[in-house]
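There are two complexes below, and they share chain A, which is joined by chain B in the first and by chain C in the second.
So, the complex of A and B:
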């Protein structure tokens, strides 16, 4: 199925009242570029698109609902409508309309599906419901710096996406249901032995409660983490701005670049060392020499020597000895005694393979000191990196000293918030750790800090309780069913990840400039990048974006569904050359691309897309902001059928207007 | 087949999860422990109940080393047991105890357990000198190289 966005309409919200039509066509890709000055409501629109598709609006608090109210508008109501076209054999329309009541802080969704009229509620067609989850929508609706989340090792975005798209969330829900059924059933059981069933159930319950408490804490801390991460980012930006005002950007950038260069060198050299270390025969020249002597000794001892199976066959066939004599009983006994000295074919094959490997390594590498040389380089690289880090730290200290007392506090706050962030990350990690609970700890659930571990213990104890009750059969079936489902789930997840890694790499070859040394090494919880087996935490700005888009395309393709790619600030952190390249390939990436961009992202990118025929250039701005006066003057000179004026804004699809008027900060 | 003491897994958890350097999977950690254990001829029995299997067979990136690791185990254990390396009967019997072409890892079950005991010995040797694992993988292997490698297989 192909899903496209036809239109969005906003009224009375924190963005100009408007109706925006997006281009789409049945074959090939279409690029929709929407430029809006900063502060006009780009983020609001993307948030509303995402929340309409996932139905998250239904869960918004009154304050969250009110945060969408137009600042300068006294109206108490607002509306957001998104119309999608769903294409299989025929094209159907699906509309989600959200009506806002800002007085009561309420937002209600209404759905219109094809010929069926408007119905209250978030009611996507059943075949799309699975894909309209947060995990799925996030992969094609990029908000903020989402592109980097896919490759961020501390995040699980890639796995969350895969689980959402390929039905793993439903499987987990199903496991939860059978778990609940099992536990409820066990509680109604009676003991079949003298074992204390009640005590076992109580113990299981106490672990179940502990798991719930820890899970609640985990969810709370996860929300806290969103705020802390934001705070870290804001303080880091403020710190950078303070330094920029004090000393310009060059020194800071040079030190950052230098550190990054040194760090890359450390990683590369460490990987070279590791590559050598993986040949255990190279870790000591004495060892290699001794093993070679031992190999010679095996030769001298005729090990593995002749084939034991040859003589065994000779006896079995009893067709006379190879010397032509008859195989008498005494001769057979003699041979049987002698063949004990020989190894069987299996062991002989292994010994021969080992002897060959020792010979090869000895003859080719006996004089090599590559391991020693590599580790010398690694030690040098580590020293260089430590020095570069110290330079950065010293510079920060120097800048802090030069800053005003108020700004010095920002440096201090940044340090404190980073510390808080680290503690929070450690705690979150602890909460989900699949740790082993020792039997001595079974009576002390409070000692467990992981809700996953506590839940596993609870499950095991319920199973044990089931086995000593008359519900034994249910427990046994539950154990088998759970094992089968989990096994299949685990295997399928690995297979899908492997497939997606291959697919993403195929797309990277299509989209990255030839000779680019970056690929997906594997997909774990994040997309792991590197080149020739050597890992690297991220690529350049452009590479990261292309990787995120390629991963998204691979997931959608594999799930046999197409969605538009919606991106806020698609081309920040990309240099001009790469913007040209990205612009020229964008049309082939997705069937419908919707990018919300500002002036600083245009250079290069617009040249890149210039040759593509299907580009829609949309400009939208508020008429209530003084800074937009020049845009108003210019748009009013266009023929009246080329722009739309609403109560508080303007919108036009005129390409020249888009090209000539750069919209960013006022 | 490849098991680590739960304490060893806990000890190296941050190192394996670290965002840089070559130690990326638990088997990388196992391998370092094993090299040190074999090199120092130090083995400590691994209790089944206090350990867990980290992986059943060699990970892909170690497959090409399986014969060499098997050989190192044979050689080290013969030496550690004080046997004469030129005694054919002893060597032959040890080969039979150690190698199995039917197993994917080319080791018998007993040899697998022995290998785990050496990895456990290596872990304890490292932990004696490094109470907490260095979380930077590059720094970790550099420290291991400087601190342990001069003494291995001497």
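So, the complex of A and C:
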């Protein structure tokens, strides 16, 4: 199915009242460029597109709803309408309309599907419901600097996307359903032995309660983390702007890059150490030496490989014994008894393979100090990272001293909020740790800090309760079913990730300039980048964007669905040369591209898209901001059918107007 | 349901002694969930049927 955005309409919100039509083409791609001055409501529109598609509007708090109210408007109501076309064999329309009531802080969604009239509620067609989740929409509706999130090793965006698109979240839900069925059934059971079933059930329930408490805390902290992350990002941006004004950008960028490089080195080296620690032969030289002694012993035994087969054949052919005597029954029985002591061909081959393997391993590792070398490298990497961190800190201290008292406060606040963020991250990590609960802790659920571990204990205890009740069969089936579903889920996730890594690399070859030395090494929770097996944390600005788009295309293609690519500030971190390249290839990436851009992104990109025929140039601005006066004067000179004037804004699809008028900061 | 998931589910059912009928029921329940057409009451009945089938698989 191909999904496109036909139109969006806004009234009484934090953006000009408008109706924006987007171009769409059944075959090939089309580019929609929407330029709006900063502060006009780009972010508002993208947030509303995303929240309409996911139905997240239903979960907004009154304050969140009110945050969409037009600043200079006294109206108490607002509306946002998005109309999509859904193309399979025929084309159908789907509309989500959100009505805002700013007095009560309420927002209600209404859905119109094809011939069915408007219905209250968020009601996407069933075939699209799976894709209208946050995990899915985030992959084609990029808000802010989301392009880097899929390659960020501290984030799980790539895995979240894959799980959402291919139904892994629903598989998890199914495991939850069978778990509930199992527990509910066990509770109706009666004991079949003298064992205390009730006590076991109560213990299981106490762990279930503990898991719920910890999960609630985890969900709360996760919400808190969204605010803290946002605060960190905002303060970091403010801090960067202050430094930029004081000292330019180059030293700050160099120090950040250096720290990021050193941090990647620590992670790579730590992984190598961990790999070596899993090899016992690298940990103990005695083990290696003794293994070789064992090999020598095998060699000295001169095991008569093949002898068994020889005698078996002798009996089968029954053509007399090798000594020339007749093979009587008693002689055959005697030989059969004796050959049990010999090895057959297959067994002899296995023993020889073991001997060879030991020889090779011994030769490779006898003089190796791999583990020691790895730990030395890790130590050096940690020292380098600490030095890079100190350089950053020293520079920040220097900049803070030069800043005004008001700006110094921003440096301080940033430090405090980062501290809060670190504590929060540690706590969240603790809540999801898949740790083992010792049997001595079973009577003390409160000692457990991880909801995953508590839930695992509860599950195990319910299974044990089932096995001592007349519901034994249900527990046995449950254990098998859980094994089947979890096994299929884990294997499928790995295989889909492998397939997507290959697909993304194929698309990178199509989109990146030839000779670009970057590829997807593998997909873990994030998309791991590198070249020739050597990991790197990120590519250039242009490479990162192309990787994000290529990953998104691969996911959509594999899930057999097409969506428009919607991007806020698509080309900010790309140099001019790469903007030209990207502009010229953008039309082939997606069937519908919608980019919200500002003046600083135009250079290069507009030259790149110039040769493409299907480009829609849209300019939109508010009529209530003084800084837009020059745009108002110019747009009013256009023929009246070339622009639309609303109560508080203007919109035009005139290409020349777009090219001649750069919109960014006022 | 993506074909990779379906294949792995079939393989896991086979290797754990579950019958083709049981596999079909698991696949149907999961497909309903993935396609967003699962109704809680029906889902509960489907799971009950699944456990009945598994009982037969264990006994056969």
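Keep in mind that, in the parts below, the second predicted complex is superposed on the first by the 516 of 666 C-alpha atoms of A that agree within 3 Å, B and C clash if a C-alpha of one lies under 4 Å from a C-alpha of the other, contacts with A are read in each partner's own complex, and residues count from 1 in each chain.
Rule of thumb we're sticking to: a residue touches a chain if its C-beta (ideal position, glycine included) is under 8 Å from a C-beta of that chain, and two chains touch if they have at least 3 such contacts.
Keep in mind the model is a prediction, meaning the values are calculated, not measured.
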Revision key, fill the gap. Per residue count on chain A, the busier partner among chain B and chain C is B
Exercise for review: Go through the superposed model and pick first if A:97 touches only chain B, second if only chain C, both, or neither.
Suggested key: neither
Review point. Of the partners chain B and chain C, which touch A:170 in the superposed model: first, second, both, neither?
Key: second
Practice item. Mind working out whether A:154 is in touch with chain B, chain C, both or neither, as first, second, both or neither? Key: first
Exercise for review: For A:535, select first, second, both or neither according to whether it touches chain B, chain C, the two together, or no partner.
Suggested key: first
Practice item. Considering only the touch criterion stated at the top, classify A:178 as touching first (chain B), second (chain C), both, or neither. Key: second
Practice item. Please work out whether A:212 is in contact with chain B alone, chain C alone, both, or neither, and reply first, second, both or neither. Key: neither
Exercise for review: Have a look at where A:476 lands relative to chain B and chain C in the superposition and call it first, second, both or neither.
Suggested key: second
Point to revise | Contacts of A:274 with chain B and chain C, given as first, second, both or neither | key: first
Check your understanding: chain A residues touched by both chain B and chain C?
Key -> none
Exercise for review: Please give the residue numbers of chain A that touch chain B in the complex, ascending.
Suggested key: 153-154, 263, 266-267, 269-271, 273-274, 277-281, 283-284, 286-287, 290-291, 294, 297-298, 300-304, 341, 343-347, 349-351, 353-354, 357-358, 361, 375, 378-379, 381-382, 435-436, 533, 535, 537
**Study point:** chain A-touching residues of chain B, taken from the complex the two chains share
**Key:** 6, 10, 19-22, 24, 28, 31, 35, 39, 52, 61-62, 65, 67-72, 75, 85-86, 88, 91-92, 95-96, 99-102, 106, 137-139, 141-142, 145-146, 149, 152-154
Check your understanding: Inside the complex, what are the residues of chain C that reach chain A?
Key -> 1-2, 4-5, 8-9, 11-13, 16-18, 26, 29-30, 33-37, 43-44, 47-48, 50-51, 54-55, 58
Point to revise | Residue ranges of chain A in contact with chain C within the complex | key: 126-127, 129-130, 166-167, 170-171, 173-174, 177-178, 181, 473-474, 476-478, 480-481, 483-485, 487-489, 491-492, 495-496, 499, 558-559
